[in-house]
Amino acid sequence: MQDSKPEVMEALSRVGITGLRTLVKINWNGNEYKFIPEIELTMDLPKEKRGIHMSRLVESITESIEEETEVKHDSLEELEKHILGRVKEKHPYNRAEILMKTALVINRETPVTKKKTMETHDVFVSVISDNGDFAKKLVVRVLGNSVCPHALKKSDGISHVQRAECFLEILTGYENRVVLEDMIECVEKAFPSEVYTLLKVEDEKHVVEKMFQRPRFVEDITRDVLNNAKKRFKGCEIGVKTVSEESIHRHDVIAEGFCRS
Amino acid sequence: MQDSKPEVMEALSRVGITGLRTLVKINWNGNEYKFIPEIELTMDLPKEKRGIHMSRLVESITESIEEETEVKHDSLEELEKHILGRVKEKHPYNRAEILMKTALVINRETPVTKKKTMETHDVFVSVISDNGDFAKKLVVRVLGNSVCPHALKKSDGISHVQRAECFLEILTGYENRVVLEDMIECVEKAFPSEVYTLLKVEDEKHVVEKMFQRPRFVEDITRDVLNNAKKRFKGCEIGVKTVSEESIHRHDVIAEGFCRS
Amino acid sequence: MQDSKPEVMEALSRVGITGLRTLVKINWNGNEYKFIPEIELTMDLPKEKRGIHMSRLVESITESIEEETEVKHDSLEELEKHILGRVKEKHPYNRAEILMKTALVINRETPVTKKKTMETHDVFVSVISDNGDFAKKLVVRVLGNSVCPHALKKSDGISHVQRAECFLEILTGYENRVVLEDMIECVEKAFPSEVYTLLKVEDEKHVVEKMFQRPRFVEDITRDVLNNAKKRFKGCEIGVKTVSEESIHRHDVIAEGFCRS
Amino acid sequence: MQDSKPEVMEALSRVGITGLRTLVKINWNGNEYKFIPEIELTMDLPKEKRGIHMSRLVESITESIEEETEVKHDSLEELEKHILGRVKEKHPYNRAEILMKTALVINRETPVTKKKTMETHDVFVSVISDNGDFAKKLVVRVLGNSVCPHALKKSDGISHVQRAECFLEILTGYENRVVLEDMIECVEKAFPSEVYTLLKVEDEKHVVEKMFQRPRFVEDITRDVLNNAKKRFKGCEIGVKTVSEESIHRHDVIAEGFCRS
């Protein structure tokens, strides 16, 4: 029935499944990592076909994951590319894309007391197959803060400070090496200060002082992230969005920019 | 079928509808107010009845709202009590409750330049009918900020600051006069400073200076709200929860307390 | 300070405020409507200016809303265009856009018993000012359902059914008359059946029978909405996304398409 | 400063951190499991102490997690109890509780074709230390569906069907063995049919037929879960909430119940 002609002949761009959660393992730098990502897998549908065989999409995911015990993919991108290839064996398409949303935990040290701390970031990893070419889209969401330089000047050394979140998105060819950890670093360096899960008294003092020595609008942060990413990653389309949860208002402020490297 | 005996004889405490959105009007202090609240309406179900006639609950809401053009309820509580009465005519219960979640807009002036500004708060208004007695539960969610007094001392006059949200919940007899605007004031006075939608440069300076003159932990804010509410409202069960979106961490801090007045 | 040169010279595309909630009134078909939308207002920022004066954006919103008592805008779009004009007097830009997210309540009758019912839909209304030209983007989110025609055939007259939500987005010139209520109708007609807040027994029977007489995949629904919108609205870019909350799976299925009219 | 007397002398019930995400490992049935839960850790605060030393709470979590490589906790509860013990060494309390929200992936087979499938459920695991006694609260959120028996009868074999979600909560002594997988089974058995991530055509037919052979209101589902849990787990307080995302309405229906075993 899915292969019959539809009543309305109109091509669709993205048809598939979304919000599927399952266990995936990858083998990154010699260590096994496990994730329970939320997965979206879609493909285009020509105007003369009524529907997608959705179970073939799910099956391509579950079969790829079962094989993983032997196959040992080195990254979520590699696993995603493999799934897109397996889908193609079961179901024709011109363009397909797969997205995995998950969390990445990074080991760090606190800035002064050098205690161990783990920092967790949201990451969104996509691979797109477009008429035989493969591209990838990587997004990291990193928390930090903004410190208003204008209020700091007007109020003689004090200012309003608040949590800010920044999304860095990179679209590039599949083969271009772009590491999520490096993307996170591009964002962290742009905030007035990095933030940490654990901060002892001396660490907290250090972070607070760094914040006030380096006051920044969301506009400054967004530009710095653009600049950091442009220098580090070549051949990419780069998008940045920073949102600051204003401590003196009920609303947020936002700054968005795009560039190519 | 709903009135038949269920296979498993177990009384249920709350059965009904949730997430229903519709237009309601009330007549508060001589002005007509319109809201599109999200409504939850539930009742208990004895063990020997299989189910609720859900459409009678919906009908009680829609009929009450239609009448409103003439009836002119003075508050959401009054409208809710009316709906609970109408439900009872259609459907027996021992205990029923209705909740409306909506937003309240309050006219204010900015602190220095005295410009007009409108401040919007989430409010949750419930009436409970329990074997003929009526109680009400009122919740306001108010945004503000926290300023760490400990970091302020350690870092010589600077500190980490962040947006904080505070929920004040009051459970009391239906007849006890408790005004949502007064509840909001109990919370706003407990923050280091009120926050505003509009702030010109001089207003912003005022707010920032007030915040640093009155640094407060979430614990301080929660205790002050408890205390403010205890003094203002008598014969109530009072609950307060404050959450601070830390600007130096990825996680939040929380402080909760309860008392009776 | 906002007008000074930034360290990193990079133009930004969208800088402003988001999540601001305030009361707005419009005068639609002779009736006054009140909303408490969530507002986003952004503009571009040239590479040689460090920042936006955020308070001028807020002021443009609040001043426009105050005037409303006399000005009587006929639609959210008209109010938004007015706000964009007022912003321009205070703050230069090449491109700016304003979005209001709110809910629209429509009076309906139940299909058989002809009882009054009110149906509430999310709407997202934007106006974009781009170098003197004005465009608008209108989005409606409408709930309905999907009924799997494949399972219906395989299982002899029964099937899996589920709630579905559909977003219809229209981008067109500001002057092109596109009514939100008509957009909602384009979506409702594409579902197996309309859904209602109130349904008496005979209404429910009617809706269930209609659903099974007209089984449809999300692909069918998306194509029908595209087709309905293409026929009704000329000179538009049309986007449709349907998501079905599968009752036999833990994940959703999705179908998206785009066309021009 | 935290140990000084507060201005307002009022005891607080729950003070601490929330929304902290970090990597934890447990050793369940001989296999290592990794999770990135969202953690909330709170304690009571007597009226004469101004605040909590929040960094000691974070440190208790991070240190416990580092040890895990050797300690090999057998469950999230065991790890949580260990964290509460470590907190007590650093910070006095009478009552403290720790919650971890995470996802559990269970291997299953599809009902007819016997293909492998992985099913993912949200779980919420808490341990409470109260004046030396330990209790635990376990919650599972399981997706399924509801099929209206009333419409099925009125419409001659067809009905409205929809996704439903059910929360089963169990509060019991720490030592009482309650397995999350068994809790999930108590819920799945109460739905008209289990749902699966993967379903081939024959599996789908089986699930659809099972759903229509066993039509059930949310009230029926809630009662069955109560009953299943009461029989399987002794010495527990049991709470159940089922929410059905109605396919013929814009709102949901809800049924909640409580019992002791």
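The chains carry the letters A, B, C and D, assigned in the order they are written, with residues numbered from 1 in each.
Just so it is clear, a residue touches a chain if its C-beta (ideal position, glycine included) is under 8 Å from a C-beta of that chain, and two chains touch if they have at least 3 such contacts.
Given the structure is predicted, the values throughout are model-derived calculations rather than measurements.
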item: Selected pair, greater C-beta contact count between C-D and B-D; value: B-D
item: Label of the chain whose CA centroid is most distant from the centroid of chain A; value: B
item: Chain centre separation (chain C, chain D; CA means) in Å; value: 35
item: Gap in Å, rounded to a whole number, between the CA centres of chain D and chain B; value: 26
item: Chain C: positions in contact with at least two other chains; value: 20-21, 58, 120, 150, 197, 199, 201, 204, 250-251
item: Residue numbers on chain D that touch chain C, as the complex places them; value: 119-120, 143, 145, 150-151, 154-155, 157-163, 193, 195-197, 199, 201, 204-205, 207-209, 211-212, 245-251
item: For the chain A and chain C complex, residues of the former touching the latter; value: 1-2, 6-8, 10-21, 40, 42, 45, 50-52, 54, 58, 149-150, 153, 217-220, 222-224, 226-227, 243, 250-259
item: Partner chain D, residues of chain A touching it in the complex; value: 20-23, 34, 36, 55, 58-59, 62, 65-66, 103, 105, 115-118, 120, 197-201, 204
